[in-house]
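In the part that follows, the structures are each spelled out as structure tokens.
Below, chain A partners chain B and then partners chain C, in two separate complexes.
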Partner chain A sequence: MMLPAVGFVAVMVIFPFGYALWLSLLDYKIGQTLTFVGIGNYKALLADEQFWNGLRLTFILYAGALVLQLVLGVALGLLLHRLETLKGLIRTVMVSPFMLPPVVVGMMSIVVLDPSMGVANYLLKSAGLPTSLFLASTDFVIFTVIMIDTWQWAPFVALIILGGLQSLPTRVYEAAAIDGAVGWRQFVYITLPLLGPTILTAAVLRSVDLLRFFDVIYITTQGGPGYATSTLNIYAYRKGFEFSDIGYASALMITLSTIVFGAVLVFAQLRRKVAW
Partner chain B sequence: MRKSIAIWAAASAMVFAGGVAHAQAFNWKKNDGQTINLLLNNHPWSQAMRDMSGEFTAKTGIKVRVEIFNEEQFRARLTTMMQAKSTDFDVFMSLKFREGATYDKAGWYANLTPLLNSPASTSPDFNFNDFGEGLRKAETVNGKLVGLPINLEGPLFYWNKEIFKKCNVAEPMYLEELPEAAAKLKACPAKGDATVWAARGIRGAISYAVSGFIYNSGGDFATPDGKPGLCQPNSVKGAEMYANLLKDYGPPGAANHTFTQVIEMLGQGRLAMTHESSNEFANIVKFPGRAADIGVKVLPKGKASGISKPIVFGWGISVSNYSTKKDAAWYFLQWATSAEMEARLVKNGVAPPRSSVFNGPEFKAWTAELPIRQAWANSLIEISKTGTAISYPPTDRVIEARETVGGGVQKIFLGQAGAKDAMCQVDADLAKLQ
Partner chain C sequence: MRGVLGRFAMGVQIVILMIVLFAPIAWMIVSSFKSRVDITQYPPQLLFTPTLENYQQLFVRTDFLENTLNSFYVAAGSTLLGLALAVPAAFAISWHRMTWPATLTLFARMAPGTLFLLPWFIMFSNIGLSGTHAALIITHAVITLPIALWTMLPHFDGLPRELTESAQIDGCRSHQILLRIALPVVMPGLIVATILSFIFSWNYFLFALVLSGISSKTAIVASFNFIGEGVTNWGTLMAAATVIALPPIVLTFMIQRRLVSGLSFGAVKG
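Our next item is the complex of A and B:
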């Protein structure tokens, strides 16, 4: 009975990962002789300014978007939980951003946020407000990307939180009310701890997505302006598909995969600690 | 008896010889019933092929499936499929100056020389020598024909004559007059909300557009001894002019712009001047009013250097070495690059690589219909005579080299480095690729 599952894991997970690991040990450029270099590509990573830039941006994007999405997601989840009227309609509207394909989100972002042709600056100008460079500013383009992702995925976190809220035991709240814990105190000392496992589940799901975030950046900025959105994923893609440096790109991807596994492990441990 | 045997033998020999001759005769229906797959870059030529491929099917019985992607996605898909030695597609577009050597070393191109030389596979009226010599050479790598040219293109200088007229600014005749004209236009209220200058600002696309500035300023991508030459004073001068035009007169967000944004602005009449691809001519004049108020010519030569050295090259179509239908694919190549097809493709803005078409009555009549068409055709003739395909320093890693050059120019217009520092750093980075 185990055999199909083991076979599936071997073919779909172990083989691709093992193959990428093998490629990362080679100097493998399309059209050139293939050479085994051991950990040579990994050593080169340490001296590569673009790698460190990519790593920094990956973490900024990850931390910024995760915190924002969890905070907003919890707030929206609580709001939805209390909503009495138009529940169905509002939930449907909230679901719509994360139902959109990333390509559509990317194209919409260009149409809205392009500094010279976008709608956003037109509206700001019409209202007499200062315009912004949005996706074209080397200083805050990464924050624009964080905002785009948060717009799309905070509602997803909210729906997970809503599910968690609906499954919380009511007797705990009754007991808390008898003891005088209401409002903010009830939220901090009852709701939040009880929601811990749900929040961490949402954090794991978003972590995996955020660390391998690619589509929207590729469509809107292709890693620019300059290298201001050249996250590890974008950098690896360019190395592999544009510069045909398969070995080095594989080393970048193995490094990123390790980071993703690490983040998942940390959250899984935390989840165990807050389980009730 | 002997006589009858001899007659029989002679008759058999004649029938056999006739049979061989028949087998070797070219027949457009030879591959009837096959299906070929095309992987193409988004380009006026590809769009026309998608619309006209039914005619090829009617002529040959070969069905055609066309996949068109934007250039980055097209290249990513091509690389993935080729790495997997996929037989799923048969024909693909390729820029030989950019990737010819790499793809050939990787064994991705089918050798078309035997097919070209085979009377059974090549139509008698397919006149290969009708393609310009430079274009034929460009499609030949290590002595093998690896593709057929489909167009001729290069960046040209476009300007909105109406905006220039309103602001009383003269048409720039020398490269050095571009910043002067830009300054006057910027100060001119009559231009309304039009942007003065726009050009490619995305790192990977800059090299194509900045090359003319570097050459016309007297610079070069290489030093006389074959080393990267972007740090040479005149190269710095050219790169700096390109970057400063974008920085001082370009639209906000230029660092994310490529031809799509530039052409949109020019087409809408919201741009005074640019240096963009000759391919985009048809798209520009599709916008109402642009055929009348846009001017087009080769980038003005340098006043100090006296040099005009534009970029010129052509896309080609090749057959995948992993294709199992190479003969059918070669039939498509012949049909798509035939003189008859090229004459029709001109109307889609595809500059013909065949001399007979470029000098033919149909093309001449078409260009004579509108002055702007004539100006476009004259520009193409000029760049084909004076141009070069070299928009990168000497290296086999052309794509990375072009990206490095673009990165340096971006640093200048984003204000991250001075021109000399940025371009000297480019040389240092390029030296690692040599």
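Our next item is the complex of A and C:
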């Protein structure tokens, strides 16, 4: 009974992966003759300024959003854990952002964050704060994307953390209270270590999505202004579908996939270490 | 005293959190009812005469109704295909206590979607499927299959083994056991798997961006095109956003409690 599913994955996932690997060894541009270049595309990649730019942006986006979402997620999780009333309503509001289609989040961001007519800048100005070009600013756009993704996914991390907090053994807290561990000390020495596996689970789920983050970026900026949001995934897409450079785009995508799998393996190892 | 202050501080934090999370969504919905004049007002107005002209514009002047129907066909089709593949597989995986087929599907969850696009594009062109609903249903099933499989697994694992074993002794074949005995018991899980699959297929952007044709364009891709073409004003854009946001939000309400464990691929219970 597993056969249809395994067959489907083989045809739609494993075979295309092998095919992409093969394409990455070719010099294959639409409308030109096809030649085998071996690791030529990968060598070209190392000399490509936009590849390093993409790698840098991928890393900034990944590290920035991950840290922000984990810190906020833990803080919000602790807050929700103490909550006694209105749980249903608050949960409903919490899940809304991450169940919205990314294209909706993108359109909403374009309208709210518009530099001249958007309500965000109007509120900033009214509060006497500096305004921002947001998605139109070459320097700030990647942080705008981090902000948008954090708005959408920090609540998800918070709900995972909340699930973890609710399953912590209360005996440990009773024992710790007797030993005088309360407040901040209790959080650092007891809650945080016990939450370790839960936090890592959230980190793996967010890592996979953040490293290959595509939709909201492409919808709001298409990788621009210039190349200011052309992360590896976006850059690979642009190479493949805007410049029809299929071999080179495939090499970029294989490189990115390797990074994602690497990150997942590292987290899997870490998770084994913090298990209790 | 400390208790009262603490509660007050907590209330304030919760209110701020709710505003930050909900205000952009509310702004989107409110803007979709603003007239062409009201939406370009600066400073942005909160009080205005609501109008349905944006929705009218959207459904009369563009193909948005057809796009929405396409989205529905693709989401429903890929949900059914995903379930048809995933449910028997999850049952067998749970029964035989084998994990590798489940791990294999995680590969689809981890690899960047862009990786598959070029090979798929070439594959579908070769068999004449590019631009069809079928191509989108098949590719979206790559999203729905792992979701359905991992949502169903814990439910099948939770079945008492005596239940299925006694059916086996009575001479039931494995597909009969699945259909007649196991499925009715895991119905709640099946509902969650169906809803999650539908939402994720409905929301998915990248595959349809490249693989849909004029007649199979989804509402998600159509809205993305609205942004670039400039044929629509902000009000119509927000009307489109509100329409596509509606199905996932409504469906989410139905399975709230099980949502997070479903989305974490069994890593989180709750």
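We adopt the following convention: the second predicted complex is superposed on the first by the 259 of 276 C-alpha atoms of A that agree within 3 Å, B and C clash if a C-alpha of one lies under 4 Å from a C-alpha of the other, contacts with A are read in each partner's own complex, and residues count from 1 in each chain.
Everything below uses one rule, namely that a residue touches a chain if its C-beta (ideal position, glycine included) is under 8 Å from a C-beta of that chain, and two chains touch if they have at least 3 such contacts.
Keep in mind the model is a prediction, meaning the values are calculated, not measured.
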| item | value |
| --- | --- |
| Superposition on chain A - do chain B and chain C clash or fit | clash |
| Which of chain B and chain C A:Leu165 touches, first, second, both or neither | neither |
| Partner chain in contact with A:Gly31 - chain B first, chain C second, else both or neither | first |
| Chain B versus chain C as contact partner of A:Val103, first or second or both or neither | second |
| Contacts of A:Leu133 with chain B and chain C, given as first, second, both or neither | first |
| First (chain B), second (chain C), both or neither touched by A:Met117 | both |
| Touching partner for A:Ile90 - first (chain B), second (chain C), both, neither | second |
| If touched residues of chain A are counted for chain B and for chain C, the larger one | C |
| First (chain B), second (chain C), both or neither touched by A:Glu242 | first |
| Chain B and chain C footprints on chain A, overlapping residues | 116-117, 237, 241, 246 |
| Of chain A, residues touching chain B in the complex | 30-32, 114-117, 121, 131, 133-136, 138, 220-227, 237-238, 241-244, 246 |
| Contacting residues of chain B [partner chain A, same complex] | 72, 75-76, 79-80, 83, 101-106, 195, 201-204, 251-256, 261, 264-265, 396-397, 399-400, 403, 407, 410-411, 414, 416 |
| List of chain A residues in touch with chain C within their complex | 1-2, 4-6, 8-9, 12-17, 19-20, 23, 76, 79, 82-83, 86, 88, 90-97, 99-104, 106-112, 116-119, 122, 126, 151, 155-156, 159-160, 162-164, 166-167, 198, 201, 204-205, 208, 211-212, 214-215, 218-219, 233, 236-237, 240-241, 246, 249-250, 253-254, 256-257, 260-261, 264 |
| Residues of chain C defined as touching chain A within the complex | 10, 13-14, 17-18, 20-22, 24-25, 27-28, 31, 40, 42-44, 84-86, 88-89, 91-93, 98, 101, 104-105, 107-120, 122-123, 138-139, 141-142, 145, 149, 174-175, 178, 199, 202-203, 205-206, 209-210, 220, 223-224, 227, 234, 237-238, 240-241, 244-245, 248-249, 252-253, 256, 259-261, 263-265, 267-270 |
